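The following pair of complexes shares a single chain, chain A, combined with chain B in the former and chain C in the latter.
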Partner chain A sequence: MRTKTPILFLIPALSLICLIVIYPIMDTIYLSFLTPEGEFAGLRNYAEVLNSKEMLDLSRFPKTYPPWGILIHNAIWIALHLPLSLFLGLVLAVALREVKGSSIVKSMIFIGMVTPMVVGGWMVRFMFDKDIGIVNLLMRTLGLRWLADKTWTVWPELSLLATILGSVWMWTGFSMVIYSAALATIPKEYYEAAEIDGASALQKFFYITLPLLRPATLTIVVMTVLYELKIFDIIFVATRGGPGGSSNVLALEMYFRAFRYFRMNEAAVIAVLLTLLTLIPAIYIVRTAVRR
Partner chain B sequence: MRFTKASVLKALLTLGAWVLALLWISPFLGIIMVSVRPVREVLHGWWVLRPFTFTWENFVNAWTGQLGTYPLYVGIRNSLIIATFSTILPLTVGALAAYAFARFSFPIKNLLFLTITLLMAMPPQVVAIPLFLLMSRLRLVNTYLGLVLVHSAWGTPWIILFLRNYFMTLPKELEEAARIDGASDFEVFCDIVLPLCKPALLSIVALQFTWVWNDFFFALILMMHPEKYVATQCLAFMKGEYHVPWGLISAGSVITMAFPIMLFFLLQKYYVRGMVGWLVRG
Partner chain C sequence: MAIAALKEAKVPVIVIAIICFLVGLGIGWAIKPVPAPVKPTLIVIGPWAGPEMEKYMPVLEAAEEALGIEIEYRIYRAEDLGAILPSQFEAGMTPGDVIHWCWPVSIREMAEKGHLMDLTDIVDAAKYPEAVIKAVTVGGKIYAAPYTYKVKPGFWYRKSKFTEWGITGEPKNWKEFVDLLNTLRTKLGRDDVIASGDAVGWPLSDIAEHFILYKAGKDAFEKLKTGEQKFTASPVKDVFGPETTEGTLSWLIAQGYFSAPEDWTTIMEKWWKGEYGLYFMGSWILGMVDDPEDLGLIPLTALEDSASKAIVGCFPDYIIVPKYTKYPELAKKLAAFLSGVEGQTIQVKQGGHVASHKDVPLDAYPAADKALAEEIAGMDVVFDLDDTVGGVFQTTFWDQLKYLWAHPEEWETCLSNMQSALEEQLRA
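Then we have the complex of A and B:
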């Protein structure tokens, strides 16, 4: 009698997941190996998609401005967005630790994480607008007229950068909160002992704080890379991947091919490629979950 | 009061932090400024404060859609319905499954758990096409039920993981005592375990509701009828013919953001715990 219980407890969740997550994943993989007529295509779809200029345009990268191909755009997202949000989150968490009323400041910064990314997309347009953008105002004050006098989201030179910077602004609250939580677990005695030994503030940071933040850093890296790979809403609203594909990324290209051009098999290929990329950070999550 | 070097430094740090925080949220202040003023006043920057006329006009227009945009009240209504049910359903099925993982042993338990964990990382795009076809066949496109099922299935894996870890921290003795008194597994779960889990359940409510409310992709592929658009869709498609209608967009953004932000400030402790709890061990 006891043995039947786990099955009864599991059935609702598992049937939901099987129908709406597992079966569609399998079907997408299957679709990616078919021709539009439904015949087996082997790896031909993959070869075609990977060889297209939309995916990787080495005639433009790195000689001239984007579009460089969505694979490169996604890579640039990680290369710029990851270090920026890690660094800003760490600086904020460390600086705010000693500050009066820091929890209110932290909440204000964290609002970006609670806000819909669709709003975030409009925010990007809003912040980088030539007339009403606050970043453009800043650039004008600094005398950088060529950056101040254009709306960043409609210029191929700047659209990718604008979406990335806007997203850093939204996402930094995440790394700050995780770092703050990790900082709170470091015992005060470590610092007191270091002070008795005459350690400077910098030494304390590099020899105590930073090494003890390693697990938190790993967590933030994994979650942030997943977020960057899946980025969709903010770009959809801010630029629609444009102009001329200059801020396009994998998730957006998949949507366009499937639901605008109805090229389902190519779209399935891009979805599978995106999934393979997310598996790299995902394996870390699985390892953490299992070690418990 | 004495001014030591340390106290001056601390005061400067505090001041700096507050300035930074204000700078950080200045785009939000900007959106609010634009939303409550006529567009002609903010054409050269919302920071220009003279003249300053207060108006509800943008909010009224965004809410009713009388300038030809999708009316936001429809989106907010749909989002409320969908987010509410998409929180209750996965919480129920996820809690049951999490209890099975935490307290029972059964064949392929580890493999199953691994798979469920892995699903948390999947991009929504990998299910999009078959899901759309499936929902079309079931006649669930443009229905609340269809989108609720999708969000529920998508949210269940992390809820299972989160609650399993929480259940494992609870002492077993209470449950065992209840079983000796003749309670069934289901009674133990409902009467003993769930009441102990209020903080964890609140964390899930806060996070899952926010994620569903903020979602755009699933709604985009499953809700094609404007009557069924959710709030994020109404907002994303708020476009003028020749120019960006900043008044409408800023008012619409403020309304759409208000719900998750209010929930966040209401359940802040649980929100952060839910986000941090299952990520940072220790």
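Then we have the complex of A and C:
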């Protein structure tokens, strides 16, 4: 009886998870192996999707500008967006640590994080506009006229970069807040001891702060990678994946195939691939949490 | 003693209290005021927002009065409906009782799946252009009632601005058109004198379709819809490139005559202020500018050297009634009102719309709309290429044109991608 009690308590939650998570996942996987007529297609759908130019276009990569295929675009998202948002978040958290009134500045930076992504998409369109864009103004000030005189979202060379940078602006608040919270947990005695030993500010940062921020960094990395893999709304609003598919990503392609072309089986294939990719960081974070 | 007496009296008191309560309830129910009958509220979905919506409201107000109903208007663009309706319909639900949707391919698809009400009995097919009815007919039944439509006739300019810049007369052939562009360059002090509107992609597709009609002709245009003509074969191929040959679309882009695409309403304001000289847009612009009578039109297909005398027309903003409406009969009545003479007459009076119903009188149109009608008199109206084919072709066509605007030298790649998408969609 005693062993059965916890299971009884779990039944309502498990039922819900089965109904709204497990069943749709299984159904999507099943759909990905069917033809539009409902016949078994084996791996044909997977082969077709993965061999398509939209997924991977090695004839252009890296010789010329995008489109390079959405798998490469997603990889670029991770390669650029992750270090940038991580680094900026860390710098801001450390720089604002002991500053009076820093909470106001932090709140302002965090606004990007709480702004709806759809609004963020529109902001990207404005930020990189040749006439009114703040980034273009900055480029003009720096003398980079070839960047200043272009609306980034309508140029294949720049549209992917524009959405990534726009998202960095929005996501940096997240890493900054996590780092700020983690910094607050480091005992001051460590720094006092280091000072007595004559450690410089840089030494304190590299030998105390950075190692003790490792758990926070791991959390940010995993959450950011998940966010980057699932990115949709900001691109949908800012560029619709264009021009010519130059800023397209997995989630957007899945949407197009499902709701614009009504090719549910192909959309299911991308959904399965997306799920598998997001499972890697998700499993990692769960295992780390369990170990702790 | 007193307490004992109270206890004895307790049961009868409770019984009397319950009886009084029930009698009170009965009396209250019997004499309650009868509420006035509530008018049914129908939800109408349409694509119009801002000034366009304001010009649609008088039609709905007239419908409310004529049918004794309340109408709640909600804005959904065609592409939003494309994403929402299939899943809602599959779940047996609908976001609206009467829906305007200009995608005949999707309408037929929804009709085939049994999601739409048959409107054959409220649509007098003889009163509308045959192609308009045919586009939404499945198995001999009409599943959408045609509303008004719009044409995309050519490049608009402001007469007052042209006068201010000392430009007189309209171009009669391609050479004069290019001369006009060069004059505008001098007057405006900028290279990109043609404003390029951007939305999900359609303003650029309208320009491309107009060029196909101008340089390749109506026959090639219509054959693209069925796959008999390829984008990658002459004469359509020659419309787009090479960018080094004067007269092609990519040449115009490469020479910098077109601006970079910008939100179509924002750039329209800039053009109106005189920052740009020309703007390619549909006839709905008549209902959006401050002074529609100040508008002049240059259709390339009216030039002497045009391959056809035709313009592109949008499909009407069809009216569909989903099977899942709570008010099927009222919704059909409303659809009949909107698509009929009365509804369309009120709409065309507001400007920017062309009636699809043949009985709408010409004097219902405002002066600027009449001027447009005179300008395009004698021209054939052919229906939109991307709306007719739909699906993956439409999205690819839009997106590849945006790419072409950025890199006209890659026109062949763009055409090849458009052709692949066209074949894919036609196969589907």
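The definition used in the following text is that the second predicted complex is superposed on the first by the 271 of 292 C-alpha atoms of A that agree within 3 Å, B and C clash if a C-alpha of one lies under 4 Å from a C-alpha of the other, contacts with A are read in each partner's own complex, and residues count from 1 in each chain.
In this section, a contact is a pair of C-beta atoms (placed from the backbone, for glycine too) under 8 Å apart; a residue touches a chain by one contact, two chains touch by 3 or more.
What you see is a predicted model; the values in this text were computed from it and never measured.
After alignment on the shared chain A, the placement of chain B and chain C results in a clash.
Residue contacts after overlaying the shared chain place A:A251 against chain B, while chain C stays out of touching range.
Legend: residue contacts after superposition of the two complexes on their common chain; A:G242 is shown touching chain C, with no touch to chain B. More residues of chain A are in touch with B than with the other of chain B and chain C.
In the superposed pair of complexes, A:F259 makes contact with chain B and with chain C alike. In the superposed model, A:A13 lies in contact with chain B only, and not with chain C. In the superposed model, A:W155 makes contact with chain C only, not with chain B. When the shared chain is aligned, chain B comes close enough to touch A:V118, but chain C does not. Residue contacts after overlaying the shared chain place A:P24 against chain B, while chain C stays out of touching range.
When the two complexes are superposed via chain A, 61-69 is the only one of 25-33, 43-51, 61-69 or 151-159 in chain B with C-alpha atoms clashing against chain C.
On chain A, the surface patch touched by chain B in one complex and by chain C in the other comprises residues 125, 129, 255, 259. Contact residues on chain B toward chain A in their complex (touch as defined above): 10, 13-14, 16-18, 20-21, 24-28, 30-31, 34, 42-47, 90, 92-94, 96-97, 99-100, 104-106, 110, 112-114, 116-132, 134, 149-150, 152-154, 156-157, 160-161, 165, 168, 185-186, 189, 210, 213-214, 216-217, 220-221, 231-232, 235-236, 244, 246, 249-250, 253, 256-257, 260-261, 263-265, 268, 271-272, 275-276, 279-282. Touching chain B in their complex are the following residues of chain A: 2-3, 5-7, 9-10, 12-14, 16-17, 19-25, 27-28, 31, 92, 95-96, 98-102, 104-105, 107-111, 114-119, 121-123, 125-127, 129, 131-132, 134, 137, 169, 174, 177-178, 181-182, 185, 215-216, 219, 223, 226, 229-230, 232-233, 236-237, 250-251, 254-255, 258-259, 264, 267-268, 270-272, 274-275, 278-279, 281-282, 285-286, 288-290, 292. Across the complex, chain C is touched by residues 125, 129-130, 150-151, 154-157, 240-246, 255-256, 259-262 of chain A.
Per the touch definition, chain C reaches chain A in the complex via residues 79, 82-83, 86-87, 109, 198, 200-201, 260-263, 391-392, 394-395, 398-400, 402-403, 405-407, 414, 417, 428.
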